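These notes open a run of structures that come right after.
What follows is chain A paired twice: with chain B in the first complex and chain C in the second.
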Partner chain A sequence: MSRAAAPLQWLTMGLLAVGLLGLSPALSLSLLAFGLAVLTALKLREARRIEERRVVALLQLVCAGLLAALRPELGPSLLQGLAILMALAGLLALELGAGPDWKALLRRSLQVLLAALPIALVLFLLLPRLTPFSNLGTGHGMGAVTGLSDSMEPGSIAKLSVSREAAARVAFPLGGGPPPLEQRYWRVLVHERFDGRSWRSAEPPFARPAAGQPTPAPPPPAPGEGIQLWLTEPSGLSTVPWSGAGRPLSADLNLQRSGELLNRAPGSQRRVYALTRTAEPGDWRSVPPGPSDLLLPRGENPKLEALAGEWRRLGSERERLNAAGSWFRAQPFRYSLEPGALPRQAPLDHFLFETRLGFCGHYASAFTTLMRAAGVPARVVSGYRGGQWVQPVGGTGYIDLRQADAHAWSEVWLQGEGWRRVDPTAWADGDPLASATAGAGSLAGAGGPWDWLQQQWWGLDIAWARWWLGYDSEQQQALVARLLGKQRHLLGLVVLLAVAISLAASLGGLGWLGRRRSGDPLRLELERTLRAFARQGMAPQAGETLAGFAQRLTRRWPELAGPLGDFVEQYQGQRFASTPSRSGRREAQRLGRVLRRSLNTGIQSKEAVQRVDR
Partner chain B sequence: MDFGRPQQGERVRLQMRSLYILPTRFGWLWLAGTVLMQVVGIQMQSNGTLLLSFLMLSLFLLALHLTHFNLQGVELGCGAPAPGFAGDPVPYPIQVRCPGRSEGVRLRLGGEQAGAPLSLPPGDHELAVAWTPPGRGWQRPGLLRVQTTAPLGLFCCWSRWYPAAAQLIYPARRAGPVRLLAVATAPVAGAPSVASRHDGSEDWRDLAPHRPQDSPSRLAWKLLAQGRGEYAKRFLDRPEAPPLLAPEPGLPLEQALEHLSERIWSYHGRGLSYGLVLPGQTIAAGRGVLHRDQCLAALATCR
Partner chain C sequence: MISAIGEVLLGKEHQVRLALACLLARGHLLIEDLPGMGKTTLAEALARSFGLGFKRVSFTSDLLPADLTGLNVFDPAAASFHFQPGPLFSQVLLADEINRASPRTQSALLEAMAAGRVSVDGTSHPLPRPFLVIATQNGLDQGGTSALPESQLDRFLMRLSLGYPPRQAERALLQGEGLRPDGITHAFGPDDLLQLQERCDRQHCSGALLDYVLDLLERSRRQPFQGHPLSPRAGLALVAAARAWSLLEGRDHVIPDDVQAVLAAVCEHRMDGGQRGDTDRELSQRLQEGVDGLR
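Presenting the complex of A and B:
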């Protein structure tokens, strides 16, 4: 048992502990991982015999596997990979000799890991995935974190603080570029129910498939279709942002009739999902409004109702909408994050006719109420707006959404047109999006080196999400279909063959590494040269000096006298030099090669002469 | 792991047919861990866990071969074993020729404890494996077990071989009465020879703490006068001729031989001369390592 084993195993425990820090304690699996890590540490503390220490290494691997299931992101995955490497090194150190030769140990661990990796990758890529046995443990809505919430009550917020925390990232890996800035509305929640003060969203009916019955996987994107790949930070919501146009690409996603996108993965985790980019005919936009989209507590805001009553006399819904738009633009509304709280009595009247100061929630709430009062079905939608387009070095570009990009807008139902987005905030003076559109491009590239680093890291993160987290059952089947075409029934044979070939290659590689001689390069060069002569039957005798042996060789092959003398002189000069130089060693190696080549050509030409003689 | 057909012969080359390999208990545990990781990976749809599970499986497959390669092609042979005493651990030389690097090799003879794992570079090695012979005579050490679990401890690869070379084992050394026979020949000139057990009065030998029963004439008065304590002078009788050692009559032969073995060892340690008389064999008095080994070998092979 090497003395390096104990420090390595403790180091692994430390890495695992760091990995455990970010776990949410709500999931039962994370409690299991935590308990297992504690037990492993206790076992490591008391373990004396080699067998116990081996079990510790195995427990550490299992811990790392549980962590990998809980934290699949790029950063934690790197940490887990390191922990797995260290656990393996600890296991190898148990069998090695006593000396703590760190370099040799690390080299050996890397060798073994690299040798095992091809087989693992073959199995990972080619073996068909099983569907989960049940839908245990994938609940949703585990405590809100930040950002959006399913109820919106702008009147009670006196000051909205701007949080620069990351909310989501969306990439368009199949090209197509980002949508223009004024089109970047990413919807998350639809608020239909209004009680005079707060907007709530209807509880989404969660279509959960029965256990053991997998939902059929949606068809892959057509060749021409673009993809929006989303990566959202933990939000506590079961609905996730999307562009409003597109078709979900995984069975985990469920598109609601209201235009909300539900994700079955727990909201306390980071979620990765993909949709197509193209709008579908007959999607949520054309779902007619229900009676709740006109409901409104009558009499709460009398001035508002009086104003909307005037518009009610206008003929079509479009005219009422236009009237509201021109009214808003005519009033001195200003955008502010610190509008002060609204009174409990007639809050929207106060906002519309007195303060005229507010942020997106105020505008969306007041406009939607006005529309409802005017008899136009309307609702509030919250989500994100804008976002910064980031192009990382050598990667796919993405739109970076922060919590500060959270936004609320309205949707109104226009007969014959369907639901239409109206952003009343855009009519206010000082709207951040309007100023961003005016100075487009000035936002990108702003920020210090730390921001730049973070953007690069997120670019990597997007690539990781796309290539690693996105490799699921469908991708696997697509790969197999690409490899085998119609010969799918041969998959078992192909997997076995590939495993056998990679096993043979790994063992061959390890064997080659083991046979490779190590040591003084000068000495190795001499041995190589001596072996070449030994193949011709000339080996140095006991006690013979190199110079003496060279004389003997010259007698047999007089034509080798030149290169032999050069090599011997250079070798001895280098060997007995007070300060051997790197260039001198290189020269000796070159002369050795020259000598061996002239030996081989000399022998060949001699054989040729003999053949001619015959 | 310890079963399988043992190999016979002077030298043995470990091949496919003479090597056995099975997963250790840890190996089975490892497989169980692999299955657990697979289940967690499938249930949580986690690529990292699935890859770890496949990695553990492929390490298992790889370890099967790496462990086997540790012993594959290794040649075992016996050296010339040096004699030793029964009842004590005795080194038995095993020659090992490794074609490649052999890691974690443990050798075990008979019912002994396995030695520490050895990492053997390619080439010839002579290893001493300890065993405790039960009795005297030409003894074979019994079954040699070669095993390794390196590099990961997942598999145990082993082989069994009966080394052919017999080792000469002297009787165990046990103090006890020995019959001393007088000898006719005079002692070798100038050589100290064995004194009788009883102290005499002729030659001064050494000093010993004074006992009350010692005669006052033996008291070392000079030392007493110098204040260095009471000492009695000890004297020996005139040196006798070197004795011939023989088995004590009345004792079982084996026990008598063990006493003789101890006596020869201690006489040799004190540099004294002695001879040996055994049933059917007599060795004249003498001294030195060769003489000692000759006497001990006679004891070992005595019938």
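Presenting the complex of A and C:
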């Protein structure tokens, strides 16, 4: 047992502990992983004999496996990989005795891991997949931070507007590029209940399907359909952002009639999900408004109601909308993050006719109320607007949404068209997005080198989500169908065969590594040369030295005496003299090549002569 | 110099070289052969070519240790004992027919060979340097001999067998073209020999070469192998002899060919336990073939 065994095993415990820290206690399996880790640590503390240490190494590997099932994202996966590497190195330290040092142990451990890659790949690609454990959990969010909340009261977003905190990333892996800036509205919540001050979501928001109840898997995207791949940071919300067009590709996402995307996994976790990407408006757009979309507390804002009363006289809803638009544009509204508090009495009147200073919440709230007062069904939608287009080095581009990009806008119901998005903030003077470019479409502003690094990391994260997490059972079925066609019943056999082949390849690779370690470039050069002679029927005899063999070769091919002598001399000089050097080794390799070439050309010319003679 | 000795010992260049290598490696030489093959001539030629003092002792069954080492004799004039050195105190000692002597005498000689000193009556007397014992042994089955035990065979760096000269050389010999040993004019002195011996120690043995030697040793210790396993001392002897050989080859480092050149001479008598096989290098040949020489 090497002296490095105990430190390596404790190091593994530390890495596992760090991995456990990121687990959400809401998941039932988290407790199991936590308990297992504690047991392993206790066992490690009392372990003295090598058998006990082996058990500890095994427990550590099981623990890492459990963690991998619970946290499949890129960052945790790297941590788990490191933990497994250390656990294997600890095991190797137990088995290999006192010989190898840390570096050798880690290298061996890495080799073992790499050798396991082929079989892992086969299992990943072909073995029937389990549903991700992360979807089995139940429980409530931990009160995560977000720029959005179920209830929106103008002013609540003000303090978040300066937050550079990450909110979500969306990538479009199948190409198509980023949508133009004016279309970057990412819906999260719909607020339709207004009490004069705050906007709330419909209550109860949604019929939440029972957890664990099997949901039919959504059909995979049709060929040619784009994809939007979302990675969201934890939020306390039960809905997740999306573009408003497309259809969810994950079974645990439900598209609501209001146009919200309901997430059945706990909102306290990071989430990865995909939707198709189309230009078609979603079905939710033509769902007619309910009575609540016209409700407003009467008499609270008399001036507002008076203004809206004028528009009520206009014939169609579209004309009322246009009138409101031109009224807003004519008034000196200004955008500000610090508008000050509005009075309790007639807050919207105060905003519309006196301060005319506010941010998106104010505008969306006031405009929606105006529309309702004018008899046009309207509601407030909150989500994110804009986002910075990031092109990571060598990766898929994505839109980086920060909490500063949180936004609220209005939707009005137009007969014959459906719900139309209206962003009254855009009419105000100094709307920051109006002056933004597509590249820097974020209100968060430019970040430092740390942000750049983080964005590169997110790029990797997205690639990971796309290729690793995104490989679900549908894609697997598609792959199997492509591979086997009608012979699907042979799948088991194919899996067995592939496992056997990859196992053999791994063992062969390890064996090759073992052999290669004992040989050096000089030795390989000699072996190459010997093979070249063996092809001509000259092999060294038992126990023969290079010099002796070279003598025999010279007798057979006197014309090779020159290059043969040079090579042997250089080789032996490098091998046995006191000062071998890198350049000397290169020279030996060069002479070996010269020798092989002259062997081949000599034999060819001899054959040619023989042909001519015949 | 080899050619000079070679003129004395016609047609035996390889054996002369080996004997010279043995001298350079500070080892002792056992020559085993029939009478009249030139054993004494070789020993004398070696000694003369370096200008070394040369003595010869014919071992008989009644030879006592004191006859070799010398003894304290009473000097009546000084009224005290003083040490009278025996024939051991020479630079080259030819011990003829060593197997005829009693084991006790043999043992005294071998201890002197190993230790480089002689103890008589509690006083130790250093032997001259360089010190080389060339022992000869008659291979024929003869009465009244006690063969050297294996442990003592081990002390000889090499065992040589001269064998019959080739026909051409024998013809020259009969024609009287051979040189008498006393006709050799020595070009080197004893100091030159000491210097050469030191140079031998500096001959470079690379790791790859030591691996080869170790493989040879291990092969001899692993079954199936008919001979006696080689001792670590045998390994030391092999490396020392190979170093001397490489010096004679004009190289500053040792290659496997050097090891193979001295393998039979150094190892055969350690492996066959003094019992000669049908051919005199059968075991070492087998050993050499059992280990990959391409390093």
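Going forward, the second predicted complex is superposed on the first by the 461 of 614 C-alpha atoms of A that agree within 3 Å, B and C clash if a C-alpha of one lies under 4 Å from a C-alpha of the other, contacts with A are read in each partner's own complex, and residues count from 1 in each chain.
In this text, a contact is a pair of C-beta atoms (placed from the backbone, for glycine too) under 8 Å apart; a residue touches a chain by one contact, two chains touch by 3 or more.
Note that the structure is predicted; figures quoted are calculated from it, not measured.
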Touching partner for A:569 - first (chain B), second (chain C), both, neither: neither
First, second, both or neither for A:116, with chain B first and chain C second: first
Which superposed partner A:61 touches (first chain B, second chain C, both, neither): first
First, second, both or neither for A:559, with chain B first and chain C second: neither
Chain B versus chain C as contact partner of A:540, first or second or both or neither: second
Touched partner set for A:94, first chain B, second chain C, both or neither: first
Touching partner for A:549 - first (chain B), second (chain C), both, neither: second
Partner chain(s) touched by A:526 [first = chain B, second = chain C, both, neither]: second
For the chain C and chain A complex, residues of the former touching the latter: 204, 206, 208-209, 252-257, 260, 288-295
For the chain A and chain B complex, residues of the former touching the latter: 29, 50-51, 54-55, 58, 61-62, 64-66, 68-70, 72, 77, 80, 84, 88, 91-92, 94-97, 108, 112-113, 115-121, 123-124, 127, 129-134, 136-137, 468-469, 471-472, 499, 503, 506-507, 510-511, 514-515
Residue ranges of chain B in contact with chain A within the complex: 25-26, 29-30, 33, 36-37, 39-59, 61-62, 65-66, 69, 100-101, 103-104, 117, 119, 149-153
Chain A to chain C touching residues, read off their complex: 526, 530, 540-549, 572-573, 575-578, 580
